[in-house]
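There's a structure below that I have some questions on.
Read from first to last, the chains carry the letters A, B and C; within each, the first residue is number 1.
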Amino acid sequence: MSLLKVSNIVAGYGETEILHGVSIAIEEGHVVTIIGPNGSGKSTLLKAIFGLIKPKKGQVLFQGKDITGLAPETVVRRGLCYVPQSSNIFPSLSINENLEMGAFIRTDDFRQRLEEMYLLFPDLAGRRKDRAGTLSGGQRQMLALARALMLDPALLLLDEPSAGLAPSMVGSVFEKILGINRSGVAILLVEQNAREALKLSSWGYVLASGRNQLEDRGENLLNNPDVARLYLGG
Amino acid sequence: MDLSGIIGYLTGFAIMAVIYAIFCLGLNVHWGYTGLFNIGIAGFFALGAYTSALLTTASPDPLMFEDYVFGGDLPARLGFWNLGIDLWFFIALMAAALVCGVVALFIGFLTLRLREDYLAIATLGIAESIRIIFLNERWLANGSKGLYRIPKFLGDLVSPQHYDYLYLAAVVTILFILYIAVDRAIKSPWGRVLKAIREDELTTQASGKNVFNFKLQSFIFGAGIMGIGGALYAHNVRFVDPITFDPLLATFIIWAMLMVGGSGNNKGAILGAFVVWGIWTGTQFLPGFLSDPNLRYVMTGLLILAVILLRPGGVLSEERVVSRLSETRPGDASTET
Amino acid sequence: MTTTSPRTQRLIPKWNASYSVVAGFLILLILGFFSIIKLELMVNGLFLGAIIALGAISLSLIYGILNFAHLAQGDFMTLGAYIALFLLGTLLPRLGLEGAGLGPFTFGYPVFIALPLAILAMAAIAIGLDVTIYRRLRRRGVSKVLLAMTSLGLAIALRGAVQVIWGGDTYQYPRLSKEFYQLSMGIRIPPDNLFIGAMTIVLVVVLYLFLTRTRIGKAMRATSDNMDLARVSGINTENIIKWTWALSAGLAATAGVFLAIFQAQLLPIMGWRLLILLFASVILGGIGNLYGALVGALIIGVAAEVSTQWLNPAYKIVIAFVIMIAALLIRPKGIFGVKD
């Protein structure tokens, strides 16, 4: 049984339909990347999975249970977390408070998890009381990851974690993602930086115009000349 | 009431409804076509009425107007008497529009670059300020006692008992002219930009239009129409005092009219004015507590709420001018992927 | 309403240098005018400012979470004051709870029963209105201008309801006239004002602790920062919105009761009249910024009261409006600059 199985999702904003029936699956502990040109519906797919927009048709199964169309605040209780592409931190809250919000639904004592996050992201540890809005772009991305990891999810949905980062930061973000995956968290990744992302991935999907275009093992996609020409920048 | 009494009543009713319809047209330019949230109509109403009244009312009698020094005989002072009071009526009408336009320029210049609700607060503030200034500055317009004996338009042309018919014809003509003017403006490229701003300001900005200028022009245009409405009111009732410009009768009711009629539709704006003014004046004939004037407050508020909740388009919703292919619905603008 | 909006309004920002500068400037200004302005007006202006501050903070809470101008906030104040009037003048006396002139104050101990009850009643009314009106519109995804329009309709209806129920006459809470405190330099302060000032300080501190120390309070600030991200984190934002309405309406009711005590009268239009002062404070301080609303309110309160030394008291609203216009000219984002 797949950890997450998305079948024939149709979704969009208002009257505008973006996804015309997309299907993907991800197994426990794996990294899966979705690539595709701008406007192909990659981010929309993540939003539809997480309930930020309601799918018009199709089904989302997580750990065998139907979560189609559930509100995000309900979805997060099922053990999957989501890091949006932009505005993915609470800028006026302190770094510590951001992590507390990540653990909002936990009723147990999460202080140990908090310390683990500061160990994993040492940049944040020294600035616990600072407002998150004062962080640099790379640090914000780290905080966004840490916030989502507070719940120790089985699956993490990441929307373009390297977007807008300085090239020097991109490598360390991917390094963290790999580290997170090694600790047992499955990751569904949407990336512009397709080459880097596919290197980490066991499986990849290519979306185009809101439809499945192609799917294969990560390295096969990397070596596929058509994919390279169209989506990997030559 | 005999037949002539009924006709007389209906004529008086129609004059007020037409004047309110003019305000609705002005508000439609602001809200219906550009999305500008003006909740200080009372301010433009008052400015229009006072401007016209001050320019046309004959030299004040010092016994009746205690501290009042300004205006009144301004035409005489300028030596323009030979133009005749009726030409003055038109000049006063233009002046009312001009004064409102200048105030709108000031308010709009300050707020239209900012979040859209700043305009609401600023218009509310200017309306209250204007009312308070007219109330407390007796030298300006006789303070709380107000201005009276405002002259009739073409007053000597017909006998007093037929004057209302003449005035009704006059206000209908002006409404017609303004209707054509607004309609032309809205269907012009200028008007299409306004609608584009209302639907999606960022995209309009991105396509190279100076959104601020367009909004400012629309705000001044609508305010000028409201000024004309205020002036027509002054010459109808022939008495203005600060209490006239209470927000209920001078702002809220006009909003209710536009919302009921259908914002973004000029015919709807006029229809709404007649319907709501009909309900408003009609409730005084109701028995018992239903004729309580305070209940009209509740009714006006609930009417606005009901329209927003149940029939957002009003009775007549907006006419579609653009082709159906390029039609987009407001609120669906977010297509980020 | 699906996309994440990059909104960085700060419900509670950190105290920074610009605040100290402004505070210092304020003190200088006050000291500078020492010999010119009646100190009494300035002191009592602070108390008026305290009432405005409660209202402005309640308005700012709605701005922060729901991001629209809630024009019915003044009428929430009015309704809160009249609910307290019903309790103080009618219901509580029937239960044998009656009194006026407690210690140095004009009012009696029943105020301490009526105020919490009025707060609870207004909180319930506000939540009810949200469920029946605002929530429907939110789900429809309407613009914030239409939400403001709706609140205008609500404001008119609420004021009308107050007039239908209580009539247009002026009322008072049961009261006994009391001696003013005589301070040096010819300052006279009604003891009631000290009560209002002290209660305001307590409420502001409690609100601060609530927003920075409690789970719900932090979630409220998170929701204000970014509603979609709050939902993604598992925060039930509909619940947070209910909390916001309850807090906001409770503060508005308190401000209304205090205003009725301050002016020693109730009028159906009292809240609507104050609305411009509330908005002037909010805009002066920077929309959605609670500290800003507090400081803005004190400036507006003092300026309005001090202006009565030269101007007709009716011009208080005009003064507030002029300050607001000046603020828009000089610093459109408010003294404490809010990005939006």
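The working rule: a residue touches a chain if its C-beta (ideal position, glycine included) is under 8 Å from a C-beta of that chain, and two chains touch if they have at least 3 such contacts.
Quick caveat: nothing in here was measured; it's all calculated off a predicted structure.
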| item | value |
| --- | --- |
| Furthest chain, CA centroid comparison against chain C | A |
| Two chains sharing the most contacts, counting C-beta pairs only | B-C |
| CA centroid of chain B to CA centroid of chain C, Å | 32 |
| Chain centre separation (chain A, chain B; CA means) in Å | 54 |
| Centre-to-centre distance between chain C and chain A (centres being mean Cα positions), rounded to whole Å | 42 |
| Numbers and ranges of chain C residues touching at least 2 other chains | 2-3 |
| Shared-contact residues (touching 2 or more other chains) in chain B | 331, 334, 336 |
| Residues of chain A engaged with two or more neighbouring chains | 13 |
| Chain A-facing residues of chain C, complex | 2-14, 215, 218-219, 221-222, 224-226, 228-237 |
| Of all residues in chain B, those that touch chain C in their complex | 35, 37, 39, 110-111, 113-118, 120-122, 124-126, 128-129, 132-133, 135-136, 247-248, 252, 255, 259, 292, 294-305, 308-309, 330-331, 334, 336 |
| Chain C to chain B touching residues, read off their complex | 2-3, 68-69, 71, 133, 136-137, 140-146, 148-150, 152-161, 163-164, 167-168, 272, 275-276, 279-280, 283, 287, 312, 314-315, 317-318, 320-321, 324-325, 328-329, 332, 340 |
| Chain C-facing residues of chain A, complex | 13, 47, 50, 52-53, 71-73, 76-77, 81-82, 84, 86-93, 97, 100-102, 104-105, 131, 133, 147, 151 |
